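Each chain carries a letter (A, B, C, D, E and F) given by its place in the written order, and its residues are counted from 1.
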Amino acid sequence: MSTPLINQLGVVKRNIERADRDATERMGTLGSATVHEAMGRVGLFKPYMRPIQAGTQVAGTAVTVLLHPGDNWMLHVAAEQIQPGDIVVAAITAECTDGYFGDLLATSFMARGARALVIDAGVRDVRVLKEMGFPVWSKAISAKGCIKATLGSVNIPVICAGALVNPGDAIVADDDGVVVVPAADAVRVADVAQKREDLEGEKRAKLASGVLGLDMYSMREPLARAGLKYID
Amino acid sequence: MSTPLINQLGVVKRNIERADRDATERMGTLGSATVHEAMGRVGLFKPYMRPIQAGTQVAGTAVTVLLHPGDNWMLHVAAEQIQPGDIVVAAITAECTDGYFGDLLATSFMARGARALVIDAGVRDVRVLKEMGFPVWSKAISAKGCIKATLGSVNIPVICAGALVNPGDAIVADDDGVVVVPAADAVRVADVAQKREDLEGEKRAKLASGVLGLDMYSMREPLARAGLKYID
Amino acid sequence: MSTPLINQLGVVKRNIERADRDATERMGTLGSATVHEAMGRVGLFKPYMRPIQAGTQVAGTAVTVLLHPGDNWMLHVAAEQIQPGDIVVAAITAECTDGYFGDLLATSFMARGARALVIDAGVRDVRVLKEMGFPVWSKAISAKGCIKATLGSVNIPVICAGALVNPGDAIVADDDGVVVVPAADAVRVADVAQKREDLEGEKRAKLASGVLGLDMYSMREPLARAGLKYID
Amino acid sequence: MSTPLINQLGVVKRNIERADRDATERMGTLGSATVHEAMGRVGLFKPYMRPIQAGTQVAGTAVTVLLHPGDNWMLHVAAEQIQPGDIVVAAITAECTDGYFGDLLATSFMARGARALVIDAGVRDVRVLKEMGFPVWSKAISAKGCIKATLGSVNIPVICAGALVNPGDAIVADDDGVVVVPAADAVRVADVAQKREDLEGEKRAKLASGVLGLDMYSMREPLARAGLKYID
Amino acid sequence: MSTPLINQLGVVKRNIERADRDATERMGTLGSATVHEAMGRVGLFKPYMRPIQAGTQVAGTAVTVLLHPGDNWMLHVAAEQIQPGDIVVAAITAECTDGYFGDLLATSFMARGARALVIDAGVRDVRVLKEMGFPVWSKAISAKGCIKATLGSVNIPVICAGALVNPGDAIVADDDGVVVVPAADAVRVADVAQKREDLEGEKRAKLASGVLGLDMYSMREPLARAGLKYID
Amino acid sequence: MSTPLINQLGVVKRNIERADRDATERMGTLGSATVHEAMGRVGLFKPYMRPIQAGTQVAGTAVTVLLHPGDNWMLHVAAEQIQPGDIVVAAITAECTDGYFGDLLATSFMARGARALVIDAGVRDVRVLKEMGFPVWSKAISAKGCIKATLGSVNIPVICAGALVNPGDAIVADDDGVVVVPAADAVRVADVAQKREDLEGEKRAKLASGVLGLDMYSMREPLARAGLKYID
C-alpha cells in the first residue's frame, strides 16, 4: 500500500524519519529555484504561496498537519511533535483564508525549535511574526481567528498547495517559493543542486562580460534549425 | 519508501493494480458527495474542476498522466495504457489552461474503453465531445492546442487539482465534482457509502412530510446547550 | 441603533416583517435587471453568484442565515423559520466553497414552502436539486459536506455576496443574478420597475424596425457636444 | 505608423475594410480550435471568455468598440456601423463586470444584421438573449446596467480579452472560445484550416478502429530517443 | 426602518455620531486580530484588502463614501466631512480596480485630519503616499485615474469588502487587515479586547518557556475524547 | 496592413525605431499615473502586473518578445537585440506563471544595457535581482524554471497584460504599474504629462493649506446641478 495514511483523520504519528540533516542544510543555502531544477522541475508548491517577510531563505524537515476550514486545533497537537530544525507544513481539507497562526503559536513553535511554517491558508499577527523572526509562507493574511473543534491529523502525508509532503521530507523556502524534496532523495538532490550552483559562477562572469547566452549555450545553430529568421 | 515515483519524469508504468471493479461500479451509482462523506471527507478534487456536460455520473479506475504546460504528448502515450473501465487523470507540472484534449484523442480514448477524462487544465472541441458522449471534467475550456515536445510520465502518482491519485485508484465524478478513492479502500468505502445512501431514503420521506431536521436529528438540545437563543 | 443584530451570533429571530407579498410577486415577473435599475442600481449581489439551473426567475422574502466555514448546522435551524414564499439567504463568516446544502435539506425546505436558496458558498447534489425543481444561486458547487458544530444566527441582517439583506427583504433572482429590495421599499420599487418594463415594449418594437438607439434616445446631439468625431 | 488609432478616444471610423466574406464563412464552419491552429496558435481570446449559450458556432467581421467601465454609450454608436455579417467586439479600458448589453440592444443589433457580440465585460437579460437566438461571448453575466456619460470609440483597433482586433478582422467563436484572424490573412488561414480539417476525417476513422496515435503519428521512435522508459 | 439610507444615491449626511474616541484609540493599540476576536469573530473586511505600507496600525471613526466604477467625484465631497481622527471608508457599486486616490487627495485628507483610507478598489501614487505617511488599505494598486461624472453618497451605510460600515463606526486596521466595530459597541468591544490582550502576556511567557498549548489550554483530554490516536 | 507581424512566430526584427530618448527620460521622471492621464487614460498594463521591488521608477524603449508557456528560449535571442536604455517586454501565448527569468539572464540583460523587464508571467531569484538592482514587473514569482524548445519572436507587436506594445514604444513603470506610449506619441505625451505635473505643485500647496477640492475645482455647482443633497 503506497500511502496508507493519506486519508486518515484523527491520527498523530510520533516517530517519523527525517531527511538527512546535512543535505537539508545544504539545500537551504542553494534556494528553491536551484533545488527545484535539481529535482527535475517537480515538487514546487503553487506560486500563490508567498512569504510574509522578504529576504529569508530556509530549509528544514517537514512536520505535517491536516486541518479543517476555520479550525486550528491540530496546530497545538503538532507543536508537541516539532524537533529542532523542523518546518511545519499545514494543509487544509478545503479552501480557507482564515488566520490559523499568530504570535502565540509562533512563540510555542520557536520554543520547540521550528524554523518556519508553510500553510495553505491564512496567518495573522504578521507584523509581530516578522519582529520575532519566525518565517512564514502562506496563501493569505487574515485577522480572522480559528475555533478548536474538529480533529485533523499530524505527520500523515498531506497535499499542501498542490505538493505532496510526507512527514520528514525536506522543505526549502525563500522569496521564490517553496519546494519539497522527498526524504529519500535529499542527499542526491542536494548534490545535483550543488553541481548546478558550482557551474553558475563561471556562467555569470561570462554573461557579465557581455558574452551572449546565444553563444555560451551554443543556441544559434538549433535556433536556425528550428527555423528562426532574422529580418531588418 | 512510500511514493517512489512521484518525482520521476519519462516513465510509463505498464502494470498497475486497479481498484475492485464491482466496488468502483457501486460507487459510480452513489455519486461523489456520498462517496466523499464515506471517505471521511477527504479525497475531493478542488471545486474548480467542472464537467463540460451536465447530468453525467461515472466511476472508473485511474490511469494517471503527468504533463508539462502546453504539451500533450503523453496523452498519446497514456492511450495505450487504457483498459476498459479506466478514467484518465491528467495533472500538469504548472498552472495551464491550454486545450490538451479534443475530439481526436477522445475517439482514441473511447476506442480503448476509457470512460472519462479528468484534467487539471483545458480541453477543446467540447461541443463534439458532448455529442460523442465522452465525459470530461476540467479546469478550463480553451481552443488553444498543444505541442508535443517534452516527456512526462504515465501511471505514476500525481497530484491533480489538489488530490493525490495513484494509478488504479477509483475515481467517482458527477455534477458535484470529482473524488478519488485509494484502490485498497474501494470495497470498504463502497460499503460505507451504500449504508449512508440506504439511510437517506427514510430521512428524505420524513423531511418531505414536514418533520424538521431539528427533530429528526435531535438537534434542539445540543443547540440550546451551545447557547442558541430564540427571540421575537 | 440602525442594525443592532448584525454582529450577534447564536440568535434566532422568530417574528420578522416580510416585504409586501404582491409587490414581491410582481418583481418576480420583472426580473433582476429591471428591479436593479428601479432600485437606482444598488442592491445587487456580486456577479459570482450563479444559478445551478438555467431559465428560472423567482422572487420571495428573505429568511437569513449566518454560517461558519464548513458548518451548516444553522440551515436546520433556519428550516423551522421558513414560511411559504420565503427564500433562504445564507452568508458565511469567511470565504468557503464547501457544499452546505443538498437534496435532504432541499426536501425539508420545499416541505416548508421555501422558493429558493441563495448562498455565498457551495452546494451539492445539484443534479437532484434540478430534478426536484428547487432553485439555487451559489458561489460554488462542491461535493464536500459540512459539520454541525458551531452556532451562527437566523434572521439577523447579513451581508451575502456583498449585499446587505435584512430578514423579510424581497429577493429577486434569475439567470442575470440576485437583487435585494428592502422590505420597506418593495411596493415603490415594484411600481417603478413595472413602469420601466411598460416602456420597454414600445422601444423594442422601434429598435426591431431598424430605428437606432442614437435617434430613439436623441443621443446624437449630446455625443457631438461631448466631442465625438466621425472619420472615414 | 503601425496602429495610429489605438489610443484615440472619441472617434468613430465609418469605412472599414472587412475580411473576405467567403473565407470568413468557411472559417465559421471549421470552428475556433481548427482556425487557431491554422493561425499558428495565436489570436485566441483569453479562455475566461465564455458563451452564454451552448452549441453555437459563428463567424463574422469585427466592428470594434472601446468602452469605459460602467458606461455603454458607445454600443449605441456602434449599432449604426453594423453591417449584415458583422460581429461586435467590445473592449473596456479597465476590468469591469457590469451588464453592458441586454435585450434592447440585442434587438437593435439583430435589426442591423449583427451575428454576435463578443465583450470583455458582463451582459444581462441572458435568458431572453438565448430565446432571441442572439449569441454572446462574455466575461461575466450581471444584472447591473450602465450609464451613458463618457466617450469611447468605434472601429479603432482594440485589445479584447488579450487579443488585438482591428476593425474588419474575422472573428470565429464557438463553445471552445473566440479567435481573431486579421482581415488580410483570412483567405490564407481559411485555406490552411480547411486542409487541417480534411485530414482529420481519416485520422478519426483510424483512431476509432483502435489504431494508436503513437503509431499513426510515428511517435514511438522520438519518444524513445527523448528517453521514455517503460517499466512493469 | 433599519437601514433607511443604504440604497440612496446623491446624499451627503453632515452630522454623524462617531464612536467613542477613547475606545477607538484603545482598539487601535490592540490591533485588528484582537478586536476581531473581541467582536465574536465578525466585522472583518475580506482579506483581499491589503495595506500599501507595512507595519502601520491605526484606528479611527468612519466617514463612508459610495462611489461608482471609475468615478471618484464623491471623494472630494467626502473630504469636507472629514474631522480629525476619521478614517474614510470607500465602497464601490461594482467591482473596480481603478486608482481612485493619489497624492493630491491624500494631501487634502491629511489637511482635514484623516488618519487613513480604506477603499474596495485601487489607489495610485503609492510611493508618494508612503513617503507622506498616509496609510491606505485597498484591493488594488493601479495608475488608472478616474472621471468625475456621477453622484454617489457620503455618510450612508455602505458595504465595503464584505463588511457593513455605518458612518461613525470604529475602524481598526493593520497588517492583518481591517475590522469594523459598530459605534454603539465600541466601548464594550474595547474592554473585551483589552482583557484578551492582558491574558496574552502570561500565555506568551509560558509558551516561550516550552510549556505546550496542549497543557496550558488543557486540550489533551478533549482531544482524546474526540478520538485522537497517537501511533508510532 | 496595420500590424503585419503580430501573428508571426519565429521572427526576429533587428532594426526597430525607438521612441525619442529625451521624451522617454522625461516620462520616466513623471511616473506611470501622470503619463497614463496624459495619454487620455489608455495604454495601461493590467494592474496584476506588480514590481518585485519597491520605490523604483523607470522608463525605456521596448524590445518585445513573444514566448510560449514554460519556454524561455527567446529571452536569450532577445538579449542580443537589447540596446542601452531598452526595457524588455515579454508576452506569453497563454496564461503561465513559470519563472522565465532569473539572475543569469538579468546579468546578461544588464551587460547589454537593459533597464528593466516587464513580463506577463513569473520570474525567480527575486532576492538576488533586487540586490543586483535590476527592476522587474511581473505577474507572478515562481521558482519553476523553463525549457528551451519552441520558437517565439522578438521585436514584433505583442499584447502584454492587456496592452499592445510595438517594438520601440516607450515604457514607463513604477510602483503604480506599467504604461506604454507609442513611439510616435512619445514627445507629445511627454509634453502633456509635464504640463499636468507643473500644475500639481500649486494644487498640492492649496490642498495642504486646507482649501477643499470642492472649491479649488469649482465642483459645488455641478454637484448641486446633478442633484446632490445635504442632510443633517
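As a convention for this text, a contact is a pair of C-beta atoms (placed from the backbone, for glycine too) under 8 Å apart; a residue touches a chain by one contact, two chains touch by 3 or more.
None of these values were measured; they are calculated from a predicted model.
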From the options A-E, B-F or A-B, the pair that copies E-F, where over half of the contact pairs coincide: A-E
Selected pair, greater C-beta contact count between A-B and B-C: B-C
Chain centre separation (chain C, chain F; CA means) in Å: 41
Mean-CA-position distance for chain E and chain C (Å): 27
Rounded Å distance, chain C centre to chain D centre (Cα mean): 32
Centre-to-centre distance between chain C and chain A (centres being mean Cα positions), rounded to whole Å: 42
Chain D, residues touching no fewer than two other chains: 41, 44, 47, 93-95, 97, 142, 144, 150
Overall pattern in which the protein chains touch one another (line/ring/star/complete/other): other
Contacting chain pairs - touch in the sense defined above: A-B, A-C, A-E, A-F, B-C, B-D, B-F, C-D, C-E, D-E, D-F, E-F
Chain D residues within the chain B interface of the complex: 31-33, 36-37, 41, 44, 47, 50, 54-55, 57, 174-177, 179, 200, 203-204, 207-210, 212-214, 217, 219, 223, 226-232
Residue ranges of chain C touching chain E (in the complex, touch as defined): 1-4, 6-9, 39-44, 46-47, 93-95, 157, 159, 162-164, 166, 182, 184-185
Residue ranges of chain B touching chain D (in the complex, touch as defined): 10-15, 73, 76-77, 79-80, 97, 99, 102-105, 107-108, 110-112, 122, 124-127, 140-145, 148, 150-151
Residue ranges of chain B touching chain F (in the complex, touch as defined): 68-71, 93-98, 142, 144, 147, 149-150
